[in-house]
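Which chain is which? They are A, B, C and D, in the order written, and residues in each are numbered from 1.
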Amino acid sequence: MNQNGMSVIVRTVTRLIYGLAIVFGFYVIMHGHLTPGGGFQGGAIVASAFALLLVAFGAAGVKGRLNKKILQSLEEVGALAFLGLAFAGIGTAFFYNLLAGSGSFLFGASVATGPNSGIFNAGGVVPLMNWAVGLKVMTGIACIVIVMLVGARKEETE
Amino acid sequence: MNTLAIHAPVLLVAVPLLGAFATPLVGKLGQRARNVFVGLIVAVTAALAGLLAADFFAGTGAPSVYVMGGQGWSIPLPSGMAVPIRILFEVDGMSAFMTLITALVTLAGAYFSFSYWRERSGGNMYFSLLLLLTAGIFGMELTGDMFNFFVFLEITSIAACGLIGFRVWLKRSQEAGFKVMTLYTLSGLFVLLAVALLYGQHGALNMGYIASQIGTLGVTLIDKIALGLLLTGLAMKAGAVPLHMWAPDAYGEAPAPTSAVLVANSQASLYGLFRVLFTLFGIGTSLSTNGWILIVFAVLTIFVGVTLALVQSDIKRLIAYGAVSQIGYMLLGVGVGLVRRASLVAGGASLGAQADALDYGFVAMQGGIFHMLNDAACIGLLFLAAGAVTRASGTRNLEKMGGLAHRMKWTSVFFIIGAFALAGVPPFNGFASKLLIYEASFKLSPFLSVIAILSSIMLLAVFVKAFQGAFMGTMRGLDSVEEAPFGMLLPMAVLALVVIAFGLFPGFFVDHIVTPAAKALWYGRDAYIGAILGGG
Amino acid sequence: MNVGNFPFVIAALLVAFGLYALLFKRNLIKMVIGVSLVETGVNLFLVMLGYRAGGEAPIYTFANAGQKMVLPTPQALTLTSIVIGLATTALLLSFAVFVHRHYGTLDVRKIKELRG
Amino acid sequence: MRKVALLVAFLFVSAFLLLAATSMRPFGTPNDAAMDDYFISSAQGEVAVNNVVTAVVFDYRGFDTLGEATVLFTAVIAVLSLFRKLKEDEQWGDER
């Protein structure tokens, strides 16, 4: 394996796939309250797309596109957003879901009980938390992968 | 109760978490801004712990419940349900007592770190991990939910191992990090397996509900297996012999202020062990067996800890083995209490009346629990003093030190105070709690008492020898040594004051803090369940 | 079909294999694999606790009316436990990298500065 | 000697686990599902969410999820701190 990543086949397939994987990850995050999935799963899918990029092009190849410091800051922002959403309900109790079924325009709709086709604009803070966790997981795992890849490379060359 | 006191349990976890998440961002503004921020967060956390404890110990002593989400913080059960469905925090005497210990040690450790870590790299991440460790310990002590306990256990494991391996330039710290992480993970998985078994058996995760189910349905085989796994996992995390292999490495290789906080981490696992034994499995036929298991752990821990401390030449490993042996004293006190409580339960006596008449089992519990506080203070003091010494002299090897007292007067005074307190010499706090343990364990079996006293004397000899070698005598080639800066001396002074205050007025603290904690374990089981399920 | 509690035995065996690798393998990476196996076994055990015979996934979007649903709690717990496992494995592998950097080997018999 | 002790511990724990597994209730028949039935029946009314697992993860047991996110955060910080750039004077082997 050279410093620039893997063979042409892998790189071409990666170029085709990684955008799709990222979009699919965002879809899973977005519909976490309706279909199987959620912030963690979607975040992991997006992070796997990043990992694919890293493996195919090497750490040097993605240097401009994936910046470790920005990713780390975004992860902290995600964590703070999640904690903030949990704090938002503290008037009633920590983690109180103050938007669910409140009728507000933001995820405030109520849902009929029993099997149905699902309402996107419902769930209160749950979809928001999905986004916060999704952001956190995708950037966090990407950070770990980048750092460990670069660290292990150093090992190999020394 | 005012609003802040109501929300204090959850804020105790949420505020350090907020600090930990924000520290790397604040750190971009510079070291001074970060130190102010972290100092503020730690001070607020300690104030909240003080508020929680003051509120609890001034009140009626009934456990209070805080429910996450739902219709409100005070409603553990949804209407028409007999099972608590949400995660809740439950504060009883023991939890409030443990939060005080954690707050004290964290306060000293964090403020000591400001000076200790000034010229080192990665300070933002260091303080972030320290705050995460604190949040995890508080969570373990306050939670009333089995799975939530496991999650906080894992937070402390990972944060602790991050801190142990933080000085990547040290060969041994990396080896210790791998070893400790493996064993912590294994202990966490044992706890998780036990939680899964209990969930499969009772369909719930709330400690109070599971306790009441075990009370009404009796202890089944699955419950016993879960108890065995919990005992193994938590004893491993607390560092009881024969599962102690990680403890000296962890305490020895972590940065000195972190070692002090790691002691609080071990004690949180010990708290979990006591919670499981007294609340979850507080009834049934095997109570006495559990007590004797604790006593066997205790005797082994005391003996092995002190024996291995004899041969150490590394100042931090020496203190680390001292810390291991002190875990044994806590286990001994509570184990004696558990055996005595079992015989009282079997005899059908009322536990409350026994506590008021100060039965020897209850005294042993008081001693064991009081010793947790004393141990945190004096081991913390010793680790901080050792950190100041190694930072000044550049070595941890006792044989290379000598005559340090000429240059480091205050540090050597603090070290000797900590050493005397640890070995149980009269005017200091270790004596106060060890005396209670000696007295009470003598009534169960003189043998236990003799082992405990002899080990204390040996520990004193070890520490006097170490002090003699490192601080007395002539200076040996360490000319550049200077006294530790004020930022390090102040936290040590605070801990030394605590050590002396607890030694001079043990009666006051035993009456006001330790007795409610001991009562919460001794006969608080029904109240603990009643606070969640109502009735009692 | 009645399977008794055979699936639980499979999970227990997985945990036992993991423990075997952890205790008797001499390579740090293999030990990490052992820890991972134990985690997998415990997660498998946890998620199996939630199965109700004939149940479907507890999601109401386009569900069949009147269908039994499996228990949701173990799935949520397993999700948490998987993420914790990921975090642990990442940290363990990082330590392995650094142990290799210092000692030049991954063999536990040669890494023994911390004995006694 | 060490190997024998390890082998005994391993066999003991494995036997313990197999005992636990064989004495569990049969697969697919939960003992007590009151809590989970509550989640299934009231997730749509209380949280307005169709996916019951998400309702449990982010609402009923949201605090666990905060802990889980914290675990991941901790691991990221710990790994980043191990691979951080060291200062010049932090020599290999300095015990300070």
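Throughout what follows, a residue touches a chain if its C-beta (ideal position, glycine included) is under 8 Å from a C-beta of that chain, and two chains touch if they have at least 3 such contacts.
A quick note: this is a predicted structure, and the numbers were derived from the prediction, not measured.
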item	value
More contacts between chains, A-C or C-D	C-D
Rounded Å distance, chain C centre to chain D centre (Cα mean)	9
Chain B-chain D separation of Cα centroids, rounded to whole Å	22
Geometric centre distance via CA averages, chain D-chain A, whole Å	20
For chain D, residues that touch 2 or more chains besides their own	17, 20, 24-25, 30, 33, 35-36, 39, 44, 50-51, 53, 55, 57, 59, 61-68, 70-75, 78-80, 82-83
Per-residue overlap in chain B, given as positions that touch at least 2 other chains	17, 21, 24, 68-69, 147, 151, 154, 158, 161-162, 165, 168, 171, 193, 200
Residues of chain C engaged with two or more neighbouring chains	15, 45, 49, 57, 59-61, 73, 77, 79-80, 83-84, 86-88, 90-91, 94-95, 98, 101
Chain contact graph, described as a line, ring, star, complete graph or other shape	complete
Parts of chain B lying in touch with chain C, wherever the complex brings them together	147, 151, 154, 157-158, 161-162, 165, 168, 171-172, 174-179, 181-182, 185-186, 188-189, 192-193, 196, 199-200, 205, 248-249, 253, 308, 311
Footprint of chain A on chain D - complex, ascending	44-51, 53-55, 57-59, 62-63, 65-66, 68-70, 72-73, 75-76, 79-80, 82-83
Contact set on chain C toward chain B in their complex	15, 22, 28, 31, 35, 38-39, 42, 45-46, 49, 73-74, 77, 80-81, 84, 87-88, 91-92, 95-96, 98-99, 101-103, 111, 113-114, 116
Chain B residues touching chain A - in the complex, by the definition given at the top	7, 10, 14, 17-18, 21-22, 24-25, 66-73
Partner chain C, residues of chain D touching it in the complex	3, 6, 9-10, 13-14, 17-18, 20-22, 24-30, 33, 35-36, 39-40, 43-44, 50-53, 55-57, 61, 64-65, 67-68, 71-72, 74-75, 78-79, 82-83
